[in-house]
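Chain lettering (A, B, C, D and E) follows the sequence in which the chains are written, and residue indices restart at 1 in each chain.
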């Protein structure tokens, strides 16, 4: 039963490949547009996430009050947010970036804050005794100590950023892989839908690989668990 | 060049009193050893001087200035080395200096060599033996710019000879720079060999039970260990400590 | 796409920018607009039109709020919107008659509303659906109570009939044509065949009341151009299909051509002019909705639409 | 401009409150249905996430191969997955739970795996010397050590579970707050849309609070950073 | 009751050879002390016995059975206490036992009392002083069921008196149960007081340079420290160690 799926619902890989090769000219610009959106959104989302988590970390009293709001921000359905964003910011790139930012920043905040919280008490103790200022404590101890957690958050965010970009295009866009996919879907071109998915996945894997590469470089020299 | 005065320091953790009315002075350029049973409160005294928490009562002053609860006034080796696992050895030893000013890698390099750690500059802490890590923490304290040094059992993981070299080196540095040193150790000979004065802590809660001034002339060398005077002092300190002779609880 | 305040300058030499928001992805309902764009009718009218897809939430709110000047909607939505005091106005009917109906594969043997009994209907959960089905079935003495209604969410027609669904509500001009192309034989029960009151306008072109008050000229120019576009599509279905395909290359060519072929004659049908709307149609449907408890208040039908922006009949 | 928003687009809080109180009977069952879905989906998602991460952790060779697939699983747009799920599983509750599971399990996997990776080498060393079996190592050291990370993942997952349930209802459901919201949206009852959002948020906060409470209990006695 | 034989053990880290051809035997019920410069490879020997990694060459056998690379055959105190921060003290001390069989909380309780930790059963490690943590790690090793015990500087953070009590207690336990003990220390007196035999490690790379059998009768008590024979041995060991007398690098 699982394999009795009509071709128009789940096209054969060869069909998908064929369409991917032949259709390149027609979707290359969509791809570019979505990657741009995803990269910009990811960078902004991560920056916002880091700034927010650092601020909350440095202002523990604010943290209590703001944390629930962050959770809430993840629960505003896009179909509600979409008209508001469009009305405030039009059909341009800004509302889309807001959506991606909203998707990316939350995993960063949760992971980073948890990273800060787990800072080794012994090292913290040494730094305090040595008279480290709050900013030194932060730069020399808390940040490097939280780095693995931050990367954990970055990985989740990177994974979501491409999908976030695709979703943001449903806000109303004239190009982008999300638009391409909706058009394909509504004109029943399932092969194209799958081409779109394949590229979304490739984009996402590239993003993820970049983060892993960065992690390798930045955490170089840290002791692996088997050494 | 700095003088530390601790005045009637009292401290409790939860409902348990640890320090009661502890007062002492470390004069300018003086080398003072602190002895006492395990768990009596020696490290706690260091943490209080370092401003990690405030004493329940009492004050510390450095050069007449009240430093109670203030951090960064002393340089310090913690009882466990507390090295930063993501920093190489050379990056670890400059950390104390880095916090106060620009670190001097040249001097750091020389100091590491003197501590027998040549060739380990770019190793990570986990690649070092226990004693080597302790030496790194010691070098880190020596490279810190403060004039008042608190050392919490800095040589406990070293063999006799490495320990002797480190002691001799510490004495040289201390004499050259006339820093003031407060030094925790469980080794009576070490305390006698290094210190001008010797404080003995009682237990439960801790107070300063004895404050001995040592008469040995400086510079000191290993022959001191063999003098009759040294042996007498050793016995005296031993007895003083023995009055605490029950396992603390 | 902000024009309200830039009108004065643009009237001299630069073109006036307006935004047109579709109701869904581009399809043959929108051909006239793309033709007007391609053939330069908008340009001639001094307009610079941006055609935008609506995204998740549809065009209505964007148009009503003035963020876009024009949009595509349907009579049913405009009716509901207006009874909620949303200032949306229909200015042209794209198709004269309702081309939607209940479709089912022939092997389900659904040839009249009475056959719905015991079958499964796949819908999206709106109260209007059961009301429509019921009014069809009543004519044959049956009741919607005997229909099993499931919500199929965003699932498309072809997927749904593969599974538990027996019949669904589709636009013949798109899904029905696709079924033809796939050689799936459908039984189609059009709403218009069973009830006059259900022959409402879908889709329609909308604008908001502020536009009507402040920029009637723009509307006139826009509808004039669009009207020419649809006239072109009526006269030249093949060329019109080409224009749509060229404007939106990601659409399926075959489907667009077949759909255009089917739809072109239906834009104007027997009406005296493309786009005209009849107050009766608006009244009938609103009354039907009201009597089926689908509206909280009655509609002021005359305020919901206007023919005043259609070009004078030559 | 920001505040010139008509009431039908962003209703006044009083209107929302009014509708929330008066409409209770009409949406209470929707609410219940969605909460049920979210809870079941969350529990299954978390279980799957834990099982997957534990398996990957214990089978490091499989890990390399499977990890990219996990990332990909987060990038299958629901609009593509939906028809397949419907064909395979119909319009029942199963495909919806699959969607929520898919949303919830990923943050758990990333966070848990990163937690395992950071196990203290000294403690690991001790356990090995003491002859701990793989399972003991796991139960007595790796799990307790990874707990803070796992909770970090749980927090993210809990936040997403409610939204995941709402999205899953677009697959076709006869009740649920997602259905209620879509209908409200399409009949321009913005006040109801906002009532739905408010309840989605409340649900989500409750979930989050439960996780935080659980974390407090399970990590009790662990040293806080200021002690 | 177990006999450990180490045969020509060789081990390098990266390109640096640490141990070269190290062979020794610890007989059934024997108490052997291991001395050597800081960083020479003592802890490394323990890790190899414990099966943490395999020697590059050579084998270990316990009671004639090859245990090279096998874990869980010995009970062990690491050089740093390695307590589990989320376990209370009593939960920590039973950990070694827990891994092998059902832990006995009754005995654990008694042992903690003997180690002067009464009242700390439900404390967490961070609430203990350095020396107290070391005692916890020691009790944990004693409560482990294996008959071969490796102790890596277990008393280095204890004051003289607590240390003496612990030593005495260790001797008692050892005599009662006739476990075999391999003991790393930097304290010559401690080694002489406790051990039957004394192995001295050279440096760079490490080999067994001396293997002394000590003639002191058992049971031993504090008076031993004052005997002439003891002092002579002390000098002898001191000189043996002094041959390594350069700071290792």
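Odds and ends about this structure:
Note that in this section a contact is a pair of C-beta atoms (placed from the backbone, for glycine too) under 8 Å apart; a residue touches a chain by one contact, two chains touch by 3 or more.
Because the structure is a prediction, the values reported are computed rather than measured.
Note on connectivity: the fewest steps through touching chains from subunit B to subunit D is 2. The geometric centre of subunit A is 37 Å away from that of subunit C, both derived from CA atoms.
Between the CA-based centres of subunit C and subunit D the separation comes to 38 Å, rounded to the whole angstrom.
The distance from the centre of subunit A to the centre of subunit D, each centre being the mean of the chain's C-alpha atoms, comes to 16 Å.
Mean C-alpha positions place subunit A and subunit E at a centre distance of 52 Å.
The residues of subunit C that reach two or more other chains are 57, 61, 65, 156, 159, 162, listed in rising order.
Touching of two or more other chains is recorded for residues 5, 9, 79, 83, 87, 121, 182, 185, 223, 227 of subunit D. With touch defined as above, residues shared between interfaces to two or more other chains in subunit B number as follows: 80, 126. Every pair of chains that touch is listed here: A-B, A-C, A-D, B-E, C-D, D-E. Within the complex formed with subunit E, the subunit D residues making contact are 122-123, 125-133, 136, 140-141, 144, 147, 219, 221-223, 227.
If you check the complex, the residues on subunit E that touch subunit B are 13, 35-39, 42-44, 79-80, 115-119, 127-132, 135, 152-153, 156-163, 165, 186, 188, 238, 241-242, 244-245, 247-249. Those residues of subunit A that touch subunit D in the shared complex are 1-2, 5, 9-10, 68, 71-72, 74-77, 79-80, 83-84, 87-88, 106-107, 110-111, 114, 117-119, 121, 124, 148-149, 151-152, 155-156, 159-160, 162-163, 166, 181-182, 185, 193-194, 197, 200-201, 204-205, 208, 223, 225, 227.
Residue ranges of subunit E in contact with subunit D, taken from their complex: 47, 50-52, 71-76, 78, 80, 82, 84-86, 88, 95-96, 98-100, 124, 126, 144.
Against subunit A, the residues of subunit C that register as touching in their complex are 1-2, 19, 21, 24-27, 51-57, 61-62, 65, 67, 156, 158-159, 162, 178, 182, 248-252, 255-256.
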